[in-house]
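Read through the structure below, which is laid out as structure tokens, and then see the notes.
Read from first to last, the chains carry the letters A, B, C, D, E and F; within each, the first residue is number 1.
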Amino acid sequence: MKVHLTRSYGFSASHRLHSPQLSDEENRALYGKCNNPHGHGHNYEVEVTVAGPVNPVTGRAVDLVVLDRIIDEEILTPLRHRNINEEFEAFRGPVVPTTENLAAEVYRRLSGVWALVFASPGVMLEKVRILETERNICEVWD
Amino acid sequence: MKVHLTRSYGFSASHRLHSPQLSDEENRALYGKCNNPHGHGHNYEVEVTVAGPVNPVTGRAVDLVVLDRIIDEEILTPLRHRNINEEFEAFRGPVVPTTENLAAEVYRRLSGVWALVFASPGVMLEKVRILETERNICEVWD
Amino acid sequence: MKVHLTRSYGFSASHRLHSPQLSDEENRALYGKCNNPHGHGHNYEVEVTVAGPVNPVTGRAVDLVVLDRIIDEEILTPLRHRNINEEFEAFRGPVVPTTENLAAEVYRRLSGVWALVFASPGVMLEKVRILETERNICEVWD
Amino acid sequence: MKVHLTRSYGFSASHRLHSPQLSDEENRALYGKCNNPHGHGHNYEVEVTVAGPVNPVTGRAVDLVVLDRIIDEEILTPLRHRNINEEFEAFRGPVVPTTENLAAEVYRRLSGVWALVFASPGVMLEKVRILETERNICEVWD
Amino acid sequence: MKVHLTRSYGFSASHRLHSPQLSDEENRALYGKCNNPHGHGHNYEVEVTVAGPVNPVTGRAVDLVVLDRIIDEEILTPLRHRNINEEFEAFRGPVVPTTENLAAEVYRRLSGVWALVFASPGVMLEKVRILETERNICEVWD
Amino acid sequence: MKVHLTRSYGFSASHRLHSPQLSDEENRALYGKCNNPHGHGHNYEVEVTVAGPVNPVTGRAVDLVVLDRIIDEEILTPLRHRNINEEFEAFRGPVVPTTENLAAEVYRRLSGVWALVFASPGVMLEKVRILETERNICEVWD
């Protein structure tokens, strides 16, 4: 039987929403207080869902020690207690660190190393979900 | 990349579960204490999920200021601090304000105005989710 | 050693905030949307704290089966799935069912039966806490 | 309109993760502290989602009194305040009580009685979701 | 009867923990990742508790419209979506924006205006509680 | 200004409530399903509150790195993923691992090492709070 396992992790980070391709007025209209030049921050939650058949010996679809390690290396270490605009590679340029772009980037990073780590073809990265707050949440899947 | 963004909102309302097409005894058997003639109430949560490609300039699939305004006008203003049976149009007649019917009605109302507000064909209302309590939840999608 | 044990219970109820001793305008100014004539409702939480020395045989300051029964009889049965203004005795008259008055009334009711149920002088009703929502909370103690 | 209704239930249980088909060292590497020989436990949450069209008379896809009874008989009574390895049938043998296997077993048990209880062909058991903690969650569907 | 009413509010802000009176090494040892030069952020919760006798006409110890306005002006407007080190007056100098200092400052600010707003001597600011995360919480009272 | 800082930690453990000084019938009457011979378990939360004046240089009443280490050594390591009756010293004998006794024991253990770790006389262990579930909570203080 196929299962869908979700692991959830928290990290605290700061960001500022500001698009260099828009005027100051457009930025304020679009992002409101999130456009504040000095930035602000959140206790983010990131949830990663993997899918696959259960191994009858281990009762697992994927080794959780390995999954935790990959997420720690690829996602938590570069984001935990960081300024996303200045320290997380994908957002140093013009890409705005909205929850939408952050979820997409987390999905992309994990996809990039997935096949190297989990060789078994049936084990898939199914979904990434980011909660900026409990009231603003973004999911990405393929 | 396509993203699925969820916004969550709270409102407090009262209701009574009673079907005029059933006998008093059938109502009590079906709805239990929720059939109490004087009504009761809940701190509801409503979650609205929209899906679409991320705009590379704004980092958003949809303008959240607009989304919040539509949900405020169509859903929260008519429901917040209201008696659903007496004040929310769809439930003034024989339709019973179960979480199921409430979720369906919220989905229907948002669908009705969606195309007027979000002209871009790729931006879709994907799902409505209502939590009556943390233990009774209903989702509707197409 | 003295311990302070808290039991938490949920109930859903409706109410309306309206003081007969104030004008309609004053009521609206004071209570805002909570003054809506048709009422609204909440998923309330009530927390009851008892204090006392731990019995070395049972590891308890008070028999929780008895505590749960008293709270069920005195508080939950009269409030669960009820309209507080119409069905909970203390609020049928001019007393307004604010969280403040509700917490005071719950404390008063439990105090009234306490000595009959828990004869041991060291076992005390210490505190009642009511959460109308997670953002509006009232505590009463002696 | 089709709705997807989720009911959530809690139960406290203990378990130990240990596969008799692996060496002690492999067990420790795979399960970490969860392999502790004396076991440990959790406040589990189980969420059951049913899908179906809304009955226009009752406002329900399924009778919730019946659903609650079935889940109580099939899932909560055998699991509540139990040692899963020793008392829950499916895990007395070599099957390891991971969240993955537990979710699969709960789904299987409910599927086994579903057709007997809910004769209407449109009413389906859609999903089972188990939260071992808020950070380790498994879903099973068909 | 005296009641203790708590109102809870959320705000998102960024900060950096760094004491100019300590060496870089001491700062890193004391604050760990919170000393990261680019800062990080949190979804803070601030809870304000007021105590006083219940007014028999209104059922309130204090006018909540007034309380909310004061907290909005004094606390939320200067903190919401802000960088605490650069934008919140008390932390522009050498004072480190720990949860401890933030709670003390919020208490001090509210105390400073309290008597001007709530003339009735029995109505007291009782406690301020700040949650930086659900696992790091600071309370201040007199 | 004096502050009251609370740190919160989670651990999963199993236990059984059974007093050797009571008959089997008395045990079942008193503890209900918690008396199940095979045991069950919980995701416990333990909250430790310390009080003291804020150090003007560090913005802290106590070094949190040290506090976390002491709690890890004294409380979390002996309890995490353990069977409390068999593995936590104080409960190997006739003492019943109720939340009351567990909170008292955690308080006692921390008190025992407090003066060795925090020499400053103004820094006090103020309170220990244990949540067995969100609905059964015990606090101990002096």
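In this text, a residue touches a chain if its C-beta (ideal position, glycine included) is under 8 Å from a C-beta of that chain, and two chains touch if they have at least 3 such contacts.
Computed from a predicted structure; not experimentally measured.
J.: So which of B-C, A-E or E-F is the twin of A-D, meaning more than half of its contact pairs are the same residue numbers?
T.: Having compared contact pairs by residue number, the answer is E-F.
J.: What's the distance between the Cα centroids of chain C and chain F, rounded to whole Å?
T.: The answer is 28 Å.
J.: Let me have the rounded angstrom distance from the C-alpha centre of chain B over to the C-alpha centre of chain F, please.
T.: Each chain's C-alpha centroid was found; their separation is 42 Å.
J.: Among the residues of chain A, which ones contact at least 2 other chains?
T.: none
J.: Using the contact rule from the top, write out all pairs of chains that touch.
T.: Applying the touch rule to all chain pairs gives A-B, A-D, A-E, B-C, B-D, C-E, C-F, D-F, E-F.
J.: Report the residues of chain B in contact with chain A in the complex, numbered from low to high.
T.: 1-9, 54, 57-61, 63-65
J.: Which bits of chain C are touching chain B when the two form their complex?
T.: 10, 12-15, 33-34, 36, 38-43, 80-83, 86-87, 133
J.: Flag every residue of chain E that touches chain F in the complex, lowest number first.
T.: Within the complex, chain E contacts chain F at residues 17, 19, 21-22, 29-30, 32, 95-101, 103-104, 107-108, 134-141.
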